[in-house]
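Okay, handing you the structure first.
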């Protein structure tokens, strides 16, 4: 709990370091300044509780740094030497070790681990936290179910520091699913004190008051403006973080964020427009890191249930009418991996991979004529207003290119709240959107985006029994060869039916000052303060 | 006259540049006022009497130009004086009261304070002293319960009361000359008399000269030692009141007298003056601007500049005076 | 003195208003003839993106390689059109409501008074955003939003002007000569109030265009890829720090010129129309 | 007597506030976004959305929701903001001072420069000074606030480095002064903390200037018009005739009278500024109620939008009351006759 003493102590420390613009930075302030990281970003977190109703992606960042999980992923170096999480290796965090059997996994918890308020961490807390995750509904419950973690009965307290999870089916996603942000460990004693009859899981209270034991604790939160984290010195679940304090400031204007970085008033920022990253790479005293976002792509989706997109020839025509090269140059500015112009048939069971389509207006015109639309048709191209800086130029270029085929496109910007609503209704004929799965498996992506269960991410309402069969076989087969054949099979099906046209694989771009070390790329695309340092 | 006059206006000419042409408001205006003398300046509205007054105070509208002439007041050439000197003299050496008394006072400031403002400016009195002096002045101009009234605002006082405040402001620093521009026109007859008595009484007590500007020849003859008659920017006659009243020499003065209600004359007995003032924007204005309306006009009236005949204390600008 | 002569006189005497009239003529010409005279297709992207002003592209090109000069000129028609449409609506409704409130008084006055107060009490910008967010960002909705925001200003001015003239002599005379209240209102009051409302139009035209620009800045403006000053400034604003100043500068300049002209025009019109100034 | 006016003014304001409450409720309900879907999260199934719709009470008929809303309002409960998770009342209480401090400072700047320019222009009508003042004032209002704001940030922060980083009310490393009024300048002055005062003032400079410039034109134009009228009035000529010094004449006599219409314009300008600073807050990352309402509106989060508009309604009414009182302080005619 943030006691007044903490705040005052922190307050005075901050005040001491406040002589930012004053020429002579006093010793203590300089030292505090070096151990404090200033992060600026566009969208504020709306909760510190990953299970909270409507918790947004920035809220995942808060939860990731405030709470512990049983396990975490290892680390490897990616192509250009940047730390990258390694989803093939699971490493201890709160659990020191675990025994995996075909039917269950048993975790041995650290004996000396405590929550921020000093109470020791027990298996009872883990049980309460997992029960909560599968019971509150919405996104957390759905994410747990993705790894076949569905019922409280699966979670058993063996003794004070031993916790077992019983499997209901063999699912290779279960173990990795235990290391994602959702199964965080809550201080159940503290949480239950603030639960009520109407709110048994203390959702209300835990939104702004973390009952956590992670590497950082919450010093101050001014919603929509600032979140300040302070290092939890008694943290036992990993190496002691180098940073003493992290200040997260919300600066809506991208131009201002860039100016702050260039003038050295901010240490790190991401979600800057692609063009800025290209130019900042040349700026002195700044480091730009770009990591392709695993299992994610920007695509043009077509609603296969609505004419004219129910005709595959029209969809192929659209795929050939996209100005791929100009989008790469004028929209992504080299901050993305192209996903077009690939081989006709998929050679590797890897996702995402380039589609066989290239810009070929004549071919497109021929296909349209063949489908019975020689002089085009009228339609709308919609996208999420929240991601307008990327989607709008794409929409404008696509619309202009389709116009050459006589397809008259009205561009439709939809505010965030309404965008999700429209996706649910699945009525939009043509959209440009981005989607990425946390767990880096092709079948995980296709399960959500192409499977007949018609989840909200299957924006094209594409239902094809053959595709479903291939996806299900790949999910549950134990045989490596059968898995590889199934994956290549459903990718070929995706090219053949082309309900959605891949454009590019986005890169998570991060700009930081030269003296910031230890950045690690995570699948949840948020910042891990625990590994950062300022030299 | 043995010693020099208090105010001497010699051949004054004033023009106004307006959107629709140049108005020759005054031409060859000359007359003088001795110390303690009360002179009436009479004429129809638009005859240039107010323009003359404002010229003396150097308060003409910015679009006005004094094209020729001199105004000497107490030995100082007013036209050549710089603004600082003028500001010193206004309110101290010469002062003015106006036709619409309430409109001439600051609507959102207590009357006592407005009087005190002038005292502190000219008589460099402290705030306290100025306030007391203001109350005394209010008493002097006959305002009952002056200490309470000093805190009143103009809209709380009657027209007559406001004019008394105006007079208090004007006479605060005992000026040598008071210019009264139609001071009683806006008031009812009874208040008119009391105000004129007040001005005369205070003026005499201070040896103050007064220039009374009015369109009412009757009022002028009743209150003034001498009368100057103006018509269309010209001084047509200047004579002691009795002489003028007994035997007007200029045809316009005679017509004016005939048109002014006098004791023993009925409404029917009054004869209006035919025609109107000439349009002063014309370039071809005749030397005698009354000619068009004068029933005694002769052929030579318009020949050459208008002669000014001096007969003892009288002057008349007419080739064939009555 | 005829109004024309007086107008000429005011223009001669007041150079600023004369300049305003010339600029206004220029803007109207751009709005009418613009689209046909422009060197490039304002919607055509090209691979010469983010090129600085040069001989081929006088105002440079934007992030999609579109010619900024062509877009600024073509946008004149949309921006001025929207501003005029909004002002026309609110000029009519505001004046009629104001005159009715001022002249009839009583209940009409109270009801219209409360309506204007309610709109005034609303934060102008949030009202416009709400309207556009609720009804979608079509051009018509932006016009309606701008019109509704400016309604109180017109209604208030019309009401005071009508109120002053209610007891005026000529109104009394008209009423005594047996003319119906409605007839008096339309034939006597309205003609007198109209010139003053005209001045109001030009003064609020500026705000109409700025409103649209503001809406675009938060993403609720006109749909892309249409060329409109507000959107161009809003999008270009992101490129100032990175050095491509011309993308936002020239539409901003055009916007400023238009609002500038309308404000000066308003002052000029007031001199011509306002009887008191006619001395 | 003043109490009489306050009561009368508030009574007149009730219908307006009622109007505001109704219109806000309808407007927010007309918003296209479906908060239930928004807060069910991207991967929610249809049942999950319905479930959240039920918890938010959005499935009931409209008029029932309106009655609930009125009930809450009576209890002063403005509901919970889903975007920030805090009670709206707390959000507004925390953010209102930020907006008020910025807007009032902007208005002070506009009033000072506006009145000065108006007076200078009126004293020499038609001169180059008059035209210059008119040009500057009109130029100020001709640019959208967000553009001027971004331009200032670019020039004064990015290029020249005079202004501090546009990071909101205080730079990252100084903490807010102990809360008394919520106005950082006042609170830090009360706490005698010069350093925070300077930091807060530096942060306020650019946004307040941006707002101020935008409000300059109406004030300058109104002052010029009023001064011209007053300067040509009889009592000014009478005052000149009594030889009053030019300073007294212009400032104490003429300007005091000219301020009357200017005060009413100030009222309108302030309510206009409160709306316009939404954009300035967005540019300068200012944690005001404007940006709060905008984000809530885009997320179709009803409670904050309703709370915000109601606050503005109340602010508008109090504002008019203050203007009337100010009017009385200046003009005795109104005070004594009312």
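In this document, chain identifiers A, B, C and D correspond to the written order of the chains, with residue numbering beginning at 1 in each.
The rule we apply is simple: contacts are C-beta pairs under 8 Å (C-beta built on N, C-alpha and C of every residue); 3 or more make two chains touch, one makes a residue touch a chain.
Going by UniProt, the chains are C = ABC transporter permease.
Here the structure is a predicted model, which means the values were calculated and not measured.
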Set of chains adjacent to subunit A and to subunit C (ABC transporter permease): D
Inter-chain pair with the most contacting C-beta pairs: A-D
Label of the chain whose CA centroid is most distant from the centroid of subunit C (ABC transporter permease): B
Geometric centre: closest chain by C-alpha means: D
Distance between chain centroids, defined by C-alpha means - subunit A, subunit D (Å): 39
CA centroid of subunit C (ABC transporter permease) to CA centroid of subunit D, Å: 23
Averaged-CA centre spacing for the pair subunit C (ABC transporter permease) and subunit B, given as whole angstrom: 52
Interchain centroid distance [CA atoms averaged], subunit B/subunit D, Å: 54
Where subunit D touches two or more other chains at once, by residue number: 31-33, 150, 154, 158, 282, 298
Residue list for subunit A, restricted to those that touch at least two other chains: 255-256, 259, 262, 385, 415
Interfacial residue positions of subunit D with respect to subunit A in the complex: 31-35, 37-46, 48-49, 51-52, 55, 82-86, 91, 94, 150, 153-154, 157-158, 161, 164-168, 171-175, 195-196, 199, 202, 282-283, 285, 287, 291-292, 295, 298-301
Touching residues (chain side subunit C (ABC transporter permease), partner subunit A) in the complex: 43-45, 47, 49, 63-65, 133, 137, 219-220, 223-225, 237-243
Of subunit A, residues touching subunit D in the complex: 11, 14-15, 17-21, 33, 36, 38, 40, 46-47, 52-55, 137-139, 142-143, 207-208, 222-226, 247, 249-253, 255-256, 259-260, 262-263, 265-266, 385-386, 414-418, 420-421, 423-424, 448, 455-457
Complex contact set, residues of subunit D against subunit B: 233-235, 237-246, 248, 252-253, 256-257, 330-333, 336
Subunit A residues within the subunit C (ABC transporter permease) interface of the complex: 254-256, 258-259, 262, 273, 275-276, 279, 326, 329-330, 385, 388-389, 392-393, 395-397, 399-400, 410-413, 415
